[in-house]
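Here chain A shows up in two complexes: once beside chain B, once beside chain C.
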Partner chain A sequence: MFYRQAGIRYTSYPAERQLWPLGIERVLMGLILALALIAPALLSPLLLSSYLLPWVIWSIAALGLNLLMGGAGQIHLGYAAVMAIGAYSATHAARAGLPFELSLLVAGLASAVIGVIFGAAALRIRGLYLAIATLAMQYIVDFAIGHIPAISGGTQATVATPTPRILGIPVEGPVGGYYIALVVCIVVTLFMLNLRRTSFGRALAAIREKDYAAEILGISAFRYKLMAFWTSSFIGGVAGAILVFCYYRSVSPEQFHLETSVQLVAMVIVGGLGSVLGTFLGAALILLAPLALSALVASLASSGLPIGSDLRAHLPLVLYGALIVGFLIAEPLGLAKLYDNARKYLLVWPFRHARS
Partner chain B sequence: MGDISTAAAGSPPILSVNNIEVVYDNVFLAVKGVSLDVAEGGVVALLGANGAGKSTTLKAISGLLKPERGAVTRGDIAFRGESLLGLDPPDRVRLGLVHVLEGRRVFEHLTPRENLIAATSMHRDRRGVKDLIDRTFTWFPRLAERAKAKAGYLSGGEQQMLAIGRALMTEPKLLMLDEPSLGLSPLLVDEIFDILRKVNAEAGVAVLLVEQNAAAALDFVDQAYLVDNGRVVMGGAAATVKANPDVQAAYLGGGHQVDYAAVKHYRQRRRWLS
Partner chain C sequence: MDLALFGELIINGALVGLMYALAALGIVLVYRTSGLANLAQGAIAMLGGYLGWITIAWLGLHPILGALVAMVVMFAIGLGIERTTLRPLIGQPVIMIIMVTIGLEILMRGLVPGLLGSGVKRLDLGISDAPLFLGDMLINRTYLVSAGIALIIILATLALFNSRIGIMLRAVSDDQTASWSVGIRVEWAIAFAWGLAAVTGTAAGILWGGSQGVDWTLSLLLIKALAIAILGGLDSIVGVVVAGLIVGVAEAIASGLFDPLVGGGTRDIVACVIILATLLVKPEGLFGREHIERV
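What follows is the complex of A and B.
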């Protein structure tokens, strides 16, 4: 009903290429943005700092990974290592007295430089072989961080992050951290949304579809694969820095192990490769579903259902796995495709289908 | 428009497609009313412009719509009197219907012989498989010459022969071909059609052919259907279709001189047909 394109006649190319041609989607976007901005006033501090804040931060990281996996078609199983590099370099830069804004930049650059070195492997190998090469990055970075006291402060050590200062003003508490994360998230989201409208984004899509077909069109696979790793690692580094500054407030090696990398890949795949909306949905499902399911099982148990303590610990995990598998069987292209199906249905409603 | 049903009186058709509608991704309507019959041992062509719905029709028959997020939403497809809807592609092959995909799709890293053997998963006795391979090599002597090369290194024509030969290894009653002439020289096209004629005569395999090369196809088949805009708009004996002035103008180049008035006339009429 609200999904109507009737009467839309473009008179310029920018109008035709606008991000949200449907009025209803512009309204929805505005609504979501407004809700995100006033969320600290609406939500309890607990909800804000343990649900919304991590969701926003992990979405930034998953967006960066989606640039690489969905945008350029290169798999990365060591993305948590990229975030770790950003987290540690930002922490040390800030502790050395650099302003927070510059520390974020340092985080991005450090991750990008190291990420691109491992990304160079993608020039020669693809698919499962690249997965192994990036897995190697995860282990090498884990090892380096753990065994170089200058970085981690020794094995098992935790380095506290200084309070972030924006333009010299200290930003404290979960609300301040939330707004920092939200601003970065908005910037990264806008970048990702606009990526497909740039020559860079189109070059990445060409490489994703068939890299040798891209080469014969004059797109240097060498250059654009490295650029994809560079950009994606930059975003990952910034996300890692935001994560430790605004959420954990300290940095330690076990925050960025392989499990985290796998979770990030799961977010991207469950959400939908190459989809910005899907990345947010995927991050929500992977991150928030375990918490919600635990709460559900706990409330069921306390309401008198015969759920033993053993079952109570494991049932949420079982349901979580079933949920992910269920969503992927229902829609192999991810959560974003579910919205896309509904959108296409509403666009042709009340007719059953359009001429292709 | 005339009588669309072309099944020979008396013998029931081996394949009967009854007014099917195909929708991709739940939204895009690709085929909106295709009906056709293939007689036992008959040779039938499905002609039409690009995007008319010919390949989609073949995929609906062989069951390959699912991976492309398509579905038959109306109508029925019956093979030897039995509905195919609801059967998986491998089950349809077991019933005796095989689809040669557009663009060949040989297994590049296997040799031609291994390609052929790969298509015999449902045969249990080895002697039978050997006979089938010999039969295929007799029809396609060129494949026998190159039996030990990797299929990826065969020429385009040889790969097409391999794709057809591989399909014949399943001992089909109906062979569906999607653009066998794609990218081949006219001489090779003739050679492939000659072989198909032999296969049809010797093994009694019915053929359903989708072709852009309308002239070559109409010389080869007994019956032809014309698909336009997702519908069958004309059907009949190949000679009748070939003689039709609209077909002459729109698909056969109108003889030596293109008659633009006739093409325009056809386009105008086409609006009423679809």
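What follows is the complex of A and C.
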């Protein structure tokens, strides 16, 4: 319908390689960007700070995880630990007087270094072993943060994050935090979109498909896997720092337990492995579905249905599990594939028997 | 530290380790037969513990009878899990299978306490609380009986692997296509392994629930079971026993030595350290076959 391919002819290689070849998609992207930029003026502060802001931040983190899981085919069950390292190092760097911009960099580097150390231990093995090793990383980092007072400020302690300052100007309130997160999100999104067009991205794809074959083609699987871990952990660290600076405004160990890792993995799986758009959709679904479901259950409970408080407390877990299992069985490529199906249908509409 | 306390830690640790080994057996059984990851074992053990609570504490059956009923039900649930979630994913990359078992783990971890109540439930297995004394050392009677039961179940599984069914399972683990061509029903063998894994998980859940109480924390057995499975080698039943003893003793000693220094919690980290150390030094484990593809 609106997805018209007619009349699009490429006369140069850059034109053929552009990110969005269809005019409608460029218009849509522009619209989304414009909406994202003026969102603070359109939405109420409550909507902005409790829905849009977490969506943007969790999308950054899920994009980083998707680089590893969808791009390089490496499973990571301890991504919340990576974010925790970033969050704590940024907080301590900023409290020590470092500017906010540099603190973000410190967060990324610290996460990348520690992520690569664990990755190097785990990268010579793969599949199930890698999954278990990253699970172990989650527990070990949790333990280390909780038990070293210099990091966490003592057990059960919460460390307040200083107000972020961009070029010395303090950025306060949810609106400022939203713009910081949005800028980082745009940068990471552009990076992920362009990744598949670089030699790095193609090497990762080759390793994902078959690492022997990649090795034979001259791609050092070990080196590229380490680079994937490094990049992904860097993004995770920055996302963790943004999360605590712009959203929670304080950092404590409970924010980054195994549940958070599971939530991130669910975002990537539900959204679609290796898809940038899918990651955003998956993050939205995983963040919003429990809220919608608990609202539904609350209204059902108030209308007289016997629903216990235990069940209501455990609904998000049930939902994450059901979403992961359901999507893997029914649509392993996630929401991105559903969008792709719709797009393919619209490309040839109304001639639905034609091949696109 | 005086010697009696040390010996006490070692003996009780070894007994607890045997109970962990029972949970790890489920991971090994599934891996050995189908080469699939079973990261849902913690939740299976938890569900088994809850079922044991239903049959023993709620319906008032004799503990042994109740445990047997729970195991039979869980065998059926294990078959059901394989049929509904694992079989549709045959041929998918390993990452998908890992993810689907994690999804199952999360689903059950939410659903079971959500429906049956999340408070700690007392499960009385009829083992007296009176401690046993061995010289100066104090031994937990519940642990001793549970470890004995665990050892019997593990040995029974080992015996099963030398029976006709076991030969079939081993053939399937060696080469699925070849087994198929000589007339072994591969799907059936894999389903049977899942059923068996659910049974051993249930036994672990009931025994552990009998000493700790039944609640969602039973699913934390997963990380210890994984550590044991990795250390013992993912496809060795003997390895499970030895690694179970090692992990149990290491946990007990670590929590005895380091807990006063760092303020508790070392018990949970030992399993993770063992996992990482094994993967670094000898990824195939103590008794596993060396077939890990290093890249």
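Note that in this section the second predicted complex is superposed on the first by the 315 of 356 C-alpha atoms of A that agree within 3 Å, B and C clash if a C-alpha of one lies under 4 Å from a C-alpha of the other, contacts with A are read in each partner's own complex, and residues count from 1 in each chain.
Operating definition for what follows: contacts are C-beta pairs under 8 Å (C-beta built on N, C-alpha and C of every residue); 3 or more make two chains touch, one makes a residue touch a chain.
Everything numeric here is computed off the predicted structure, so don't read it as measured data.
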- Message: Output check: A:316 vs chain B and chain C. Expected answer is one of first, second, both, neither. What do you get?
- Response: second
- Look at A:265 in the shared chain and tell me whether it touches chain B only, chain C only, both, or neither; answer first, second, both or neither. second
- Message: Output check: A:344 vs chain B and chain C. Expected answer is one of first, second, both, neither. What do you get?
- Response: first
- Task: Please work out whether A:150 is in contact with chain B alone, chain C alone, both, or neither, and reply first, second, both or neither.
- Result: neither
- Message: A:73 in the overlay: touching chain B, chain C, both, or neither? Say first, second, both or neither.
- Response: second
- Query: Now for A:169: first (chain B), second (chain C), both, or neither, which partner does it touch?
  - Reply: neither
- Identify which of chain B and chain C touches the larger number of residues of chain A. C
- Share the list of chain A residues that count as touching for chain B in one structure and for chain C in the other. none
- So in the complex, which bits of chain A are touching chain B? 341, 344-345, 347-348, 352-356
- Note on the structure: The residues of chain A that touch chain C in their complex are 69, 73, 75, 77, 118, 121-129, 131-133, 135-137, 139-140, 143, 146-147, 155, 211-212, 215, 221-222, 225, 262, 265-266, 269, 308, 310-325, 328-329, 332
- Interfacial residue positions of chain B with respect to chain A in the complex: 23-30
- State the interface residues of chain C toward chain A in the complex, per the touch definition above. 31, 37, 39, 85, 88-89, 92-96, 98-100, 102-111, 113-115, 117-118, 223, 226, 230, 234, 262-263, 265, 268-269, 271-273, 275-276, 279-280, 283, 292-295
